Amino acid sequence: MDFLYHNIHFIGAFGLMFIGLYMIAVKKNLIKKIIGLGFVETGINLFLIIIGYIKNGTAPIFSKAGLDPARMVDPVPQALVLTAIVINVAILALALGLAIRLYGHYKTLNVEKIRGLKW
Amino acid sequence: MVSTVWQNPVLLIVVPLGLAFFTPIIGLIRKELVKYIPILGMLFNLTLSLFLLPKVLDNPIIVSLSGWKPPFAINLFVGPVGILFSILISLVGLLTAIYGINYIKKGAVEKYHMLFLLLLTGATGIVLTGDIFNLFVFFEILCISSYALVAYNQDKNGIEAATKYLIQGSLGSAFILLGIGFLYGLFGTLNMADIARNITTVDSPALFIAMALFITGFGVEAAIFPLNAWLPDAHSSAPSTISAILSGIAIHIGIYAIFRVLYTLFGFNSIFTVLAVIGIVTLLIGEMSAFRQENIKRVLAYSSMGQMGLIIFALSIGTVDGISGGLFQIITHTLSKSLLFLCVGYMVYSTNSMELSSLNGLGKRMPLISLLFTIGVFSLIGLPPFIGFPSKLSIILAGLKTGETLFLILIVLMLLATVIEGVYFFRIIQILYFKEPDKEERFKTPFTLLFPVIILGLLIVAIGIYPGLLQEILDRSAEIFWDKLSYIKIVFGG
Amino acid sequence: MDRNKISKWLKGPAKMGHKYSLSAIYFCTGCGIIEVPPVITARWDAERFGVIPVASPRQANLFLITGYVSLKTLKAIIRTYEQMPDPKYVVGFGSCPINGGMYWDSYNTIKHLDKYIPVDGWIAGCMPRPEAIFIGVTHLWTLIDKDMAKGYVKYREKYESYRKNQEQILGKLEWKPLYPIRRRK
Amino acid sequence: MIMIIEVVKIIVLPLIALIIGIFLMGLARMITARIHWRYGPPITQPLIDMVKFFDQRGISHGFIFDFGIILSLAGSIVLVLFIPFCKIAPLSNSGGLLVILYLMLITPLGIALSSGASGNPNASIGISRKFMLALGYEVPFILIILTIMKSYNSLSLIDIVNVQQAGTWSIISSLPLFLTGVAYFLILPAILGVRPFDMTTAPQEISSGPKVEYSGKYLALLSIEHALTLYIGLTLFVNLFLGGSANFILFFIKILIVFIIGLFINAVFPRFRIEQALKYLWGIPTLLALAGLILTMII
Amino acid sequence: MTLQLILLIGFCGAIITYFAGKILPVLREIFAVAISLLLVGMIVYAYGRYSQEIAQFGFLNFKIVFTLNRLSWLFAIIISSLSALSIIFSLSYMKGKERQDFFYMMMLFVSTSMLGIVFSGTFLQLFIFWEIMSWSTFLLISYSKGKAVKAGLKYITMSIIGSMAMLVAVISLYLKFGTLEISVISQNIDIASLRYLSCIFGLLFLGFGVKAAVVPLHTWLPDAHSEAPSPFSAILSGILIKMGIYGFILMMYMVVGIKIFMTLGVGWMKFHYVFAWLGVISILIPSFIAILQNDAKRLLAWSSVGQIGYIIVGISMGTGLGFLGGTFHIFSHAVFKGLLFLTIASVEYRTRTRDLDQLGGLIKKMPITFLGGLIGVMGLIGIPLTNGFISKWLIYKSLFESNRMFLLLFSLIGTWAAILYGYKILHNVFLGQLPEKYRNMKREPVFMQIPIIILSLTVILSGIFPGIILKLINNIAFSFGLESLNVNMWGVVSETGTLNIRNIFFGILAAIALVSIIFYSAKRSWKVSQDDNYAAGAFVPVEKYNYTVEFYAPLYKMIRKYLKDVIDIFYCWIAGLVDALCNGIRKIYTGDIGTYVGYILFFLAFLIIIYLRG
């Protein structure tokens, strides 16, 4: 139980990731796959945040007096996550756009039927 | 370190990036101007890279952004490898851009050129950066623009290929990000030199998992065997200019990323043996899949896959000779495959079909293009006097030099794959020259389409006859690429 | 040395050669052929007279016309005769080649063989016995001795009329004339 | 002086060969007739035939038709000079048995060219049979030659004869040589092209095969060539297996004996078909000769 | 400098020829002939100037060395003169065909690359020129389209396999000796173990053997030779397959040295035994297969396989005599097979067919060609007074002296097979009745006559005066440390059997003179046409009075069922298997994105599992 208590955020992050991976790998619907992609990214973002997080930490603002540098939350992961989210948005937007086009061509979103390119 | 502003390697990234953002704006003013912007940017990059080359050969240049010293800020590591890649990128970019003047006419032209520049920016960024997260960002720039460019034609195949590419590619990127997370968790830094310096202090499974994640993530772009399913689709469905860029540059960048991470961060370990095997498997699978293809661009795409396997094998031999051979093979493949895709682009454009049978007798209808295509093919098979021969020779030499039985077996397999490659490529040559054409009329090729192809062909022959041109650069690059300690030393000064 | 002199000097042996070495080609146009096998095999053994059957007219110098000659076979007879090398002798065998024999009133049988090719000797009978053949051969010897078996010379000299006769009955012949024909104006 | 003697030998030897050959041809006709219970022609009959042929006016089918026949007779004459007759062999030191093997090709090749040029399918069929037959008998023949060469370890025929003169005849000197000697005797009719193996010139089937277009002097030369072939085949046997001889009479008697024994086979057997001939030749004679060679190699 | 200049002239000349053709067709022809003759001239000039030239620039880390020694001079002169003759022949042959610029360029390219091979002083160059030769040959083989395409593919497939094996051997030599210079390696050959050398030989056997068409590797040859344009077939058969032999000689005599070579092998299976037996199989079976062929060029192609067997048997004896014979046969085969191919080419040029069943009687229409064919066939069979006789005699003699009676037996039987097919080709093309459709045919053009006459004269002259070439070869043998033989103008003198062409020559000459006197002093014969022919009394039928189809029918019936090209069938089966495998393996790219994602996850898992396993 103690393990669970200390690592619940990691479990959450990886849980999200695995759900996402499962969706990408197994779901037939393209939109669901894209959502799965979102899940994966979210999980990773969560993971990144957790890495830099310190319990009861403060914001890393050095100009403000009275804040203990040792208890500051690492700002780098947050910067990373911000970048990652931006990238993620771009990818998802592109993916959805492509999905719409694909629907226009195939009249379906079932990836098992979208197999014009193979072998 | 940098004497004048115009010699600053940062410009290699900044100029194309800036031009990319300006492109749509200029497009608003005059649409015709747009297509010359990439040429401008790449010309600049090429000149600058060539100018920097002799300098970095002696000692690599470190550029720290915003004045901070390396561990604390994003830094660029402008070594011979980076400049070599940068030259390749700008050369192929330039030639493809010239080719694109007459080739890209339909659709959102200014967006095409913007994405094109972004793609090249991303590629240049990856090879120059010294920061792992920065590498990821540039990688994403490269990937996203290539997803979009694959779908540029907006036809059924293009969209489908782009979607598949996107899903696999973004999964790969996610893995990379996860790997970066692991590394950051372990070391608390993102500077590659810094991580490399401390990596021996940590012995954790997370380290290995991070490595596996990096290999898998970059491997999707680098087309390692089970991760390369997107490649034949994307390369065959994209516009031929983009196929040339993807095949000539993008996948090599993936390989560069893998091996930069492996060499610099993780150092040499047993994973290289696995990678060598995987490389040969990739080679075999690629060539075998290409064997029965009836679609010319798919043949070339599968062949790219095979070549990737060869390069991975060469780089995983783990000696300076091997790396030098691998880099040589990268040059070979960049030149030859871009040449082939550009030639095929024109053939497909003229005959309106990608079937091999539609190439019947093209040797008579477009003699020059066919001749150059033949040169490219011979070079890829590794026949003298073309560039493919010295590169393949040095790979085999390096592999046999290790004296290990495993490498001997792998090289035998590699030669078998070469046989298969030879057979299907020679079959295409026969189709070009020794089948009766359906029609007799000859095609008139515009100069802008012909010029890049001729340049590539000349380079292939010239280096093939006198490989000494490149040898010094390659050896020096290989040494620096390989040597982890000197990398750290150079980055931290002293 | 004079070539003629040599040939004169060689005439004796040459005549001997022609006499005692008769290579026969026989043309089985009719029933006469039945008498030939006993002649050349052990019972009568023609070889002791130097008569030996050969397969090709090129090697033969004795032509036996054994039996009646029909229109169709006449052509072959003429062809064979013309293919034989030059000192060559023709012997009509049995009554049919002489005058048609029992087919004297057949529309399709040649009654006078010597209208078409020169015949050097005849062996009468229906059928002639093998002994008669030997008598014929010895008779031919005397003819050769006395230079009287000159049918081939006659054929050459009177080729035009022979050819005319042949073409009269056979129509146009496929092959070119053996000897040049002088055109009369 | 030696030079003159050599030249005289070179001139005389083909003449002797011719006389012996013609004599044997006449003898063959006579003896065959007697075996057939006939009277038979006089022994001079081949000569009479030849004279007649020379006096006839033959036909020619062109240059190669003439040249081939000249070549074939020339080949035979040269070959005669290579085979010792009573130890006279003017040219036998210029290449030995291997040259003899190859010179034996000139004669059939010449006839083949000449009769092929005649444009008669019968001739072509005859030639094709001739070559097939040659292929048939050459297999055992080569084996025989090799066995001899191996056991005397020499290429030179004259050496072989000398060794035999010093010792015993090779056919009774050892088992392998006896086997090969028997094999040679079994294929001798095929080499000479006589009765059981005269499918080449089968007069009844293919109008005497290669000879079909020959007449006059061509036939005469062919008869001479046939006489020489008879002589060559027999002398080779006598030299290889019966020890040759320094004595003319003895040598001639040996030839005669071999010939007459062969003649009995010749006279009583009907003609083979070509497949039968090949099967026969590649059967017992080849096996015998092969056994001889293997035994020689082992011993 | 000369050697580099020769190669430079050759390669540049080829390219210039191509562009000259774009300007003016006549210019191209002049250029091609001029350059090929120039090459001949330069090589003649180089006679006796044996030297080594180290090139100014290297290739990667390798030195580039050009050498000229006696052996390479012999090969070079054969190569250059035969290709010059072929090019002259092509002037007529190629008239009116398409893509002539390409043809002439490639002809020069192939011959120059072959010159490059023989001038190579290092194995790397050997390999480079070898590959250039391979692909340029491929382009020429496929030139005729149609069936040629398949033949070309077969050729190049086997060729690549061979050269890959060769590449491994070359690199491994480099790693062993630290250099690729042939002379240096041959000096230090002692440091290599016998086992290692055997492996190298195995690999090089694959490499050289494919080109030389030794029996298990011969299957490309019949297709390629018969489908290539005919003047090029002459080069293919005359010299290109000799390049493989050159490689063997180089390895056996020059690099390894014959003494060590005779001890190489795996256990009791000594390499030279295997080699000699392969040679004999190459003689025996292909010669009999050749009898069955109906396509004139295919027949000659199979015959080439057979003749290569003689060369291999000769050189694998490892004695001076065998080397002499084998190397002389390289020369003789180049000359007479080139001659035969050119002969058939000129027949094909006039009649538009090379089907032996269709032709006949052409002697009346093209006498020069016939004489060429006759002399060629005589050389092929080895009739005395042709060069084929000399080489075969020497080979047989060496076999006899090495006590290899069975090899000798089979080689001799092969000769008789050669008679059968040699006569078949002569008869079916030139003799017999002239078919009606060729009655009005013209004679062969003059540019076809010149090479045929030159080659015919060479066959005869080198058959009568073998000493000229024998002396050269004897010097080569001497430089390889073989025993030197007593060679004179007329043959070889030795105690166990002398070859004296003088006696044979004058004997035959005198005999022919004698018979001719008899013949021409007898009554003059009467010239008749081919229509005046015995046809059982009937007039000769206009068509089909000819015996050409199934010329040796009874023999065919007996041997046909045993003479399938089993090896070819086996290779085709393998190729089919590979094809099916390749077709199967690409099915892993299913087109389903879920599968692909599965692959990615699987790969990740695979890497991690590998780690966990250690």
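Going by the order they are written in, the chains are A, B, C, D and E; count residues from 1 in each one.
Simple rule for what comes next: a residue touches a chain if its C-beta (ideal position, glycine included) is under 8 Å from a C-beta of that chain, and two chains touch if they have at least 3 such contacts.
Source: prediction; values computed, not measured.
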item: Given chain D and chain E, the chains that contact each of them; value: C
item: Graph distance between chain C and chain D, where chains that touch are linked; value: 1
item: Most widely separated chain from chain B, with each centre as the mean of CA atoms; value: C
item: Innermost chain, taking as reference the mean of every protein Cα atom displayed; value: E
item: Chains most often in contact, by C-beta pairs; value: D-E
item: Farthest chain relative to chain A (centres taken as mean CA coordinates); value: C
item: Distance between chain centroids, defined by C-alpha means - chain A, chain C (Å); value: 117
item: Chain A and chain E: spacing of chain centres that average the CA atoms, whole Å; value: 69
item: CA centroid of chain B to CA centroid of chain E, Å; value: 44
item: Mean-CA-position distance for chain C and chain B (Å); value: 97
item: Residues of chain A whose C-beta touches two or more other chains; value: 21, 24, 33, 114, 116-117, 119
item: Per-residue overlap in chain E, given as positions that touch at least 2 other chains; value: 532, 534, 536, 586, 589, 593, 597
item: Of all residues in chain D, the ones touching two or more other chains; value: 54-59, 122, 207, 212-213, 216
item: Which pairs of chains touch, using the document's own definition; value: A-B, A-E, B-E, C-D, C-E, D-E
item: Interface residues, chain B side, partner chain E - complex; value: 163-164, 167-168, 171-172, 175, 205, 208-209, 211-213, 215-216, 219-220, 224, 226-227, 229-230, 232, 271, 274, 285, 288-289, 291-293, 302, 364, 378, 381, 383-385, 389-390, 393-394, 396-397, 400-401, 403, 411-412, 415-416, 418-420, 422-423, 426-427, 429-430, 433-436, 466-468, 471
item: Chain A - residues contacting chain B, complex; value: 17, 21, 24, 30, 33-34, 37, 40-41, 44, 47-48, 51-52, 74, 76-77, 80, 83-84, 87, 90-91, 94-95, 98-99, 101-102, 105-106, 114, 116-117, 119
item: Complex interface listing, chain D residues touching chain C; value: 29, 33, 36-42, 45, 48-59, 122, 203-204, 207-208, 211-216, 219
item: Chain A-facing residues of chain B, complex; value: 133, 137, 140, 144, 147-148, 151, 154, 156-157, 159-164, 166-167, 170-171, 173-174, 177-178, 180-181, 184-185, 188, 190, 232-233, 236-237, 289
item: Parts of chain C lying in touch with chain D, wherever the complex brings them together; value: 10, 13-14, 16-18, 20-21, 23, 41-42, 45, 47-48, 50, 52-56, 58-59, 61, 83-87
